[in-house]
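Presented below are the structures under discussion, each in the form of structure tokens.
One chain, chain A, appears in both complexes that follow, with chain B as partner in the first and chain C in the second.
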Partner chain A sequence: MHRRFHDLLPLLLVPALMLSAGGCTPRKKTDTANTLNTYQPSRIKGLDPIYADDIYSGTEVKRAYEGLLQYHYLKRPYELAPNLAEAMPEVSADGRSYTFKLKKGVLFQDDPCFKETGGQGRELTADDVVYSFLRLVDPRLVSTGWWVLDGKIEGLNEWRESAKHAPPDYTKPITGLQALDRYTVRITLVRRSAQFLFALAMPFTSIVPREAVQHYGKEFLNHPVGTGPFRMAEFDRNSRLVWVKNPTYRKELYPSEGESGDKEAGLLEDAGKPIPFLDRIVVQVFDETHPQWLSFLSGKLDATGIPKDNFAEAVGGNHDLTPELQKKGIRLHKNPGIDIVRTTFNMKDPLVGRNKLLRQAISLAYDAEPYIELFFNGRAIPAQGPIPPGVAGFDPDFKNPYRQYNLEKAKELLAKAGYPGGKGLPPLEYSATADGVSRQTTEYLQKLLAPLGIKLKVNTYSWPEFQAGVKNARGQLWSYAWNADYPDAENFLQLFYSKNASPGPNDANYSNPEFDRLYEKALQLQDGPERTALYQQMVRIVVEDCPWIFAVHRSIFSLVQPWVKNYKRHGFEHNAMKYYRVDPALKKQ
Partner chain B sequence: MGAEAGSIANEEVRPARSLWSDAFRRLRRDRLAVLCLLVVLAYAAAALLAQFGWIASPWEQEVGKAFAPPSFDRLELIMGTDFLGRSVLYKVVHGARVAMSVGLLASLISVPIGVLLGATAGYFGGWWDDAVVWFYTTVASIPGIMLLIAITLMLGKGMTAMCIALGATSWVHLARVMRGEFMKHKSREYVVAAESLGAGHSARIFRHIFPNVSHFVIINFSIQFMGAIKAEVILSFLGIGAQGLPSWGVMISDAKDELSRWVFWPWLNGTTPVWWQLAGATSAMFFVVLALNILGDALRDALDPRIK
Partner chain C sequence: MTVYLLRKLLGTIPTIFGVALIVFLLFHVVGGDPTYQMLGKYATAEQVAELRHQLGFDQPLHRQFVGFLREIVTFDFGESYATKQKVSRMILDGIVPSLSLTLPAFFLTTLIAVVIGLLVAYFRGRWIDRVTVLLCVLGMSVPVLAYILFGQYFLAYRLQLFPIAGYDPEWPERLVYLALPILISVMVSVGFSVRFYRTALIEETSQDYVRTARAKGLSEPRIYLKHVLKNSLVPIVTNVVMDLPLLVLGAFLLEKFFGIPGLGGITINAVHDSDFQVIKAMTIFQSFLFILGNVLTDVAYTLVDPRVSFDGR
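Presenting the complex of A and B:
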């Protein structure tokens, strides 16, 4: 999923801002004891699952909505588990067909859109699954998640084609996507796929009720009606979201197995108890890091990443918590982030897109070491290609020839590209978000390019505007991060597949027939040395074409208040908070 | 006839000249005002020299390690360095260049608008006066910073957008003053005389009345200049002002996070938060704004006949 390239951790928790005394209007006092206070480092675009292509809206969408599958919260390596499905699907002998049995008695949240029942949520059925998937496919809705199903399910691309010319018919039978009875869905793939099931745990494929879509129309974006553990109580997209426990949520239990060490860490104390434990989740939007940090220190935020300028205050040179924070009982969690931070070249652009030597020259001038020190306090490693460590296909010995900082060679390539000393090259259009850290990153990039004589024309936007610009292939360069959606390198390689070009996730609009061919071939292979070899071959093609400056892979440091229980960072599960518990007694202290 | 006409012209010119020289004498006697004038001129000179790259150049260059505290080792390190190891002193000087050019350009846009609208409204009266008064009342009733942000965002940020936005929002006061003055002057004897000699409307407005009220423009100019500098800093702080330039507002924006970063400072033999960007930018802004304020008051004392 897309992510701003410089934020620190996807979940930020903020408290009910009980504004301090003195003249402020007092907020209605609600019972805040069992509230989790979290944050988002960016504004939320909306809460329709089919547009949830960034980690921030994805996380918010998943509080209210659920998919057929989810991830096991505690087990590592990451493992899929049933969610709305009763069990993992039955797979046919040829491996192409999956039959899902839905849980019975799953209710949508109560909402005025259910007119027939006077506002009471109705039961979820197999038809809802088909309907929700088709919304993702419907060309008129221009979903940003179509790529997860594109070319994968039998008959789905044909349905999409026919819907381009006539109003789409959601009831038309599709061979690969069938509701066999009230509780059974069968999905048949065009060909075997090792990654397909992961797609069913992503926010895009969450199940929505038709009534809500029809009742709210365009406003559906702001009115989530799902089957999930939380329902929306308040939504101000620029500043705050409040979620409350869904009273009609079915009985789901906290997992009773984990990996070794979980028991000692107290993560199994709630095993077998019904979730969610929280009554409320209050999400504050922080554009800037300083207020976020101060909120955490004053206990108004239950977990946070560590802003770069506060790093020394939080964590010493040995990367351990400082004594002050230790005394408060705050815990530090360190995890590798399965992600890549990069700067994208817009390959559709007639200038940077057609000049490989220019891109390679810029890539060579990009010095990642100071970047890691300045912006991540050492919490990152330089990237050599798109695949991060921790997923199959990552090659620790591979050195990208264009990512070894070498100014001389960069100048040489720039001259070969037709712009000796940067002469004749117009300022490149660089898009960025408008916050302080982003501006500093831009300044860093400008500084790196100055010796080449390359100038940037900087355009700054809010996060939703920025994403819209990227989707429309506006601008020549931008910095972005990609966070893995599932634990397979394919999730990174699909970012270069030509059919995933904007508005899909291939924001570089990269297109190389040889790469596409290998990608399609790899899709049909199961995990194994043959596939890994293909992955590495694809990486070499991309590295040579240089549609990105591969910058860094991050590690994630998170700080958690002592009263937050059951916290374990999960790389893919968006709704980990349904497992969190707040200890009110500890919080009061 | 020729000689007579000449002597009349001389008679007319002398009092005008004496207003200005009189004002200059008063200004010179006010030591504080002279000091302020020198401060403003010094800023202007620094801005100009920086513009041509004669001093504090190039500011983008790394002069030391990141977040180096102030030291006397080299001139460029006197105010320490920023997160990329660039000289804060150089950035302050270039910040002055940005602030002064925005101040100047914004005033150059807003003054003609204010003069033109105010003068014609006061002079012609009638429906045109109603229209202009309605217009400036409307503009004035929208909170200034909102209007500024809206226009800046609409025009796509950056220096040009900021200058236009500031110019388009800061003319109201001058327009009001000019309107009042023109209403007063248009029926004065000398204007009536000019009319009977065959002077048209534009000649009366610009050749006859305007020179007699032009001191208001000078007074207003200094105040608008100061307002524009402040607005530039605020907009840049918010990230919609100067783009890719070392503005004081950008420096303050950097500083708000850096203040929680502690570094070792040999002078203290201990650690200190990174305060020098904040100190550099705010003090640079403080002195020029204060100087312009005092100068504006002194100019009013010297030039406005009503205060004599």
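Presenting the complex of A and C:
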């Protein structure tokens, strides 16, 4: 009997032998000098545009897929530009109807799904636009991006409603979404909206071919077939993605104009040249920042954010690059993040929701400066209101009277609120997620409120539980960040619109009829002084009512290797890498 | 043996049922509601209700549990709530990377530990034994994270002996990427294994037959390799065979730091996202593997020890 076991022994040795082979020189991969090595800090969910609601999936989706519009790569403030559309749309006199002319000769990437052409990608047409939008609306598909079209296009909500009770009919005419001819699409809105066009530059509204959806079925999310500059060569959503230049990509040119300073920064050296410049993009998925940081230092990553734990290695006093990294020619880019980190008061709560003085007192006791140093290595600025810098409506001169740290005034307001020295005030219920950073943030908040005599009762949850709690208005306070979906202050102000209350994005459940009136009025207006004035008026209303502690706006620090050219951080354009160029000589050095 | 195996397999049914019940109840008590995550930050009350209906969350608990049991029987857990990927495909995709890491690491650890165990049993009580035990305790005391950070910084980044992180499905590149995590895995677990095997081997050396062998004039290497090792196979096999099926589940921390797309990472992400479909599948899969380990151990006993038989004689 034991002999049989001995027979198995050689099998035990096999792994050891395999391991010894690990010392061999690895076979050279097909990476060319014109390869960009980048990363994602999270596993990629999939590559179906209608589910691309996180920035990581959105970025990968946009390498292969395109929408009607995109953002101008260099211009600031952010500006929309045509992508699959030949030009910006023609707008009707009443401002509700947009007519898009599609570029002619745009081809989908070659793929076996195109059976009629033997795998050659066919031309994109107006019908593809209608089909792709309807996929986003189709209730059976439970898209995470339906909100971008919800209630906006004439007849679309009705189509969605009918699709709930019967198989959806993608050929049914819809008044607000029409393919007028092979290259013309008309979109008619229910009412004027200055923000609608931003939706057409988001990953959700990317154009997909019906053949690919039908051919791959449930596996469509792993087989991208778009019109974009790159096509998928390898896809392991948990570890590595490789994109190669799409050989059938149309002729698109690098922009010839930008904002002031771009020319001096060398960002216009490639003006007018055909894009993309890169042959390959290799995306490594890093769950942890330690290997990501070491990979960048060893030159195996071409650009990176700066992990909190490695900040001192990269950035010294005055937020300049350390001499070691300067010597390597690494560049530091600093950009404002279009976001806000805030603590929300649940306005539905009978205690904090009905006592404005209590909220104002707490807001005054919140010292943002140490918070910025402790949690962001100084990479943030104190927020005065909901609108971050870089967005129309942001007023750099505005000082929120309840966000200037003042403990004495906070105590005074707390006494006026009916709780002198915190007496009589029960511990406030603070909801937090069960992770290290959240725990530290909570401890910081507890420490800030202690001098007022205010205690926090902390309830920790898993992220989905936390979300469910917030969406159901459970708890009295909680903190988290809001990142802009598009560069318009409306994206922040909608968070106070009463019709967006929980489970919608107004998780404070704030309601003020005057605010609502101004918000609805601003929705009808295009960007301009009148709308900006309305935005600033709305900011003053919410600042006074204090449904949030407006904590900070974060800044983004990025490091870029010297051989990467044309790098300019864009807060909204997911496919910025089509403009990047790698200098092979510098890389070799 | 067939009867025994059938009996064992039937015995797994209540175990799996119990596991299923616990997982189901835990999810419904503390698991959170994945619908908000699935719908994104702009979810409306109407959409939440619709999706809950689609997923069957509005059905009575007992009916949902029956649906879960049906999924177990067919091993069709549908799609992941978080990624929309097919759960069975996610598991299949994760098995090979996990095994590529854990299998060589496990066999190397066992091999090294048995060899060192034999050596220290032979030199029992002498300085080699004492130093080895001390090193084992030290090795066991260092957390795996410290090995990872040191290995990535010093061996990979500074000395450039290994890639810092990454994974390649092709051979032999895969081995190049896996060499460092395998080395770390061996370092972490070899201390414990050496102590375990040392104890088993020392116990065996105190048996009468060893004294008899020595009295007959057999050489010490022959006594240790031919007799002591053979008779120590029961605890060794128990240890090896019990762990073997669970290797499929991967090594979470190593996978996370080295970017290995194995099942460890998939499971943890599922817990983080309240991805009940994946959690359910992985829990049941793990239970099956555990039971499989038990059955294999019993079978292995009969192979290495003729005194053990299935009919209880």
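The definition used in the following text is that the second predicted complex is superposed on the first by the 372 of 589 C-alpha atoms of A that agree within 3 Å, B and C clash if a C-alpha of one lies under 4 Å from a C-alpha of the other, contacts with A are read in each partner's own complex, and residues count from 1 in each chain.
Everything that follows uses one rule, which is that a residue touches a chain if its C-beta (ideal position, glycine included) is under 8 Å from a C-beta of that chain, and two chains touch if they have at least 3 such contacts.
Worth saying up front: this structure is predicted, and the values here are computed from it rather than measured.
Judged by the touch definition given at the top, the superposed model places A:His290 against both chain B and chain C.
In the superposition on chain A, A:Lys218 contacts chain C only, with no contact to chain B.
Of the two partner chains placed by the overlay, neither chain B nor chain C lies in contact with A:Pro388. In the superposed model, A:Gln446 lies in contact with chain B only, and not with chain C.
Once the two complexes are overlaid on the shared chain, A:Gly226 sits clear of chain B and of chain C alike.
In the superposition on chain A, no contact is made by A:Pro49 with either chain B or chain C. Of the two partner chains, chain C is the only one touched by A:Thr144; chain B is not. After overlaying the two complexes on the shared chain, residue contacts for A:Gly121 are found with neither chain B nor chain C. Put simply, chain A uses residues 288, 290 to touch chain B in one complex and chain C in the other. The part of chain C that touches chain A in the complex is made up of residues 30-34, 36-45, 47-48, 50-51, 54, 79, 82-86, 93-94, 97, 103-104, 107-108, 110-111, 148-149, 152-153, 156-157, 160, 164-170, 172-173, 175-176, 178-179, 182, 230, 233, 237, 256-261, 265-266, 269, 271-274, 300, 302-304, 306. Interface of chain B with chain A (complex): residues 60, 62, 66, 83-84, 156-157, 239-240, 243-244, 250, 253-254, 256-258, 260-262. The touching residues of chain A, when paired with chain B in their complex, are 288-290, 293, 307-313, 374, 434-437, 439-440, 442-444, 446-447, 450, 456, 458-460.
On the side of chain A, the complex with chain C involves touching residues 1-2, 4-5, 12-16, 18-19, 21-24, 26-27, 29, 43, 45-46, 48, 51, 53, 139, 142, 144-147, 150, 164, 218, 221-222, 236-240, 284-288, 290-291, 294-295, 297-298, 300, 461-468, 471, 503-505.
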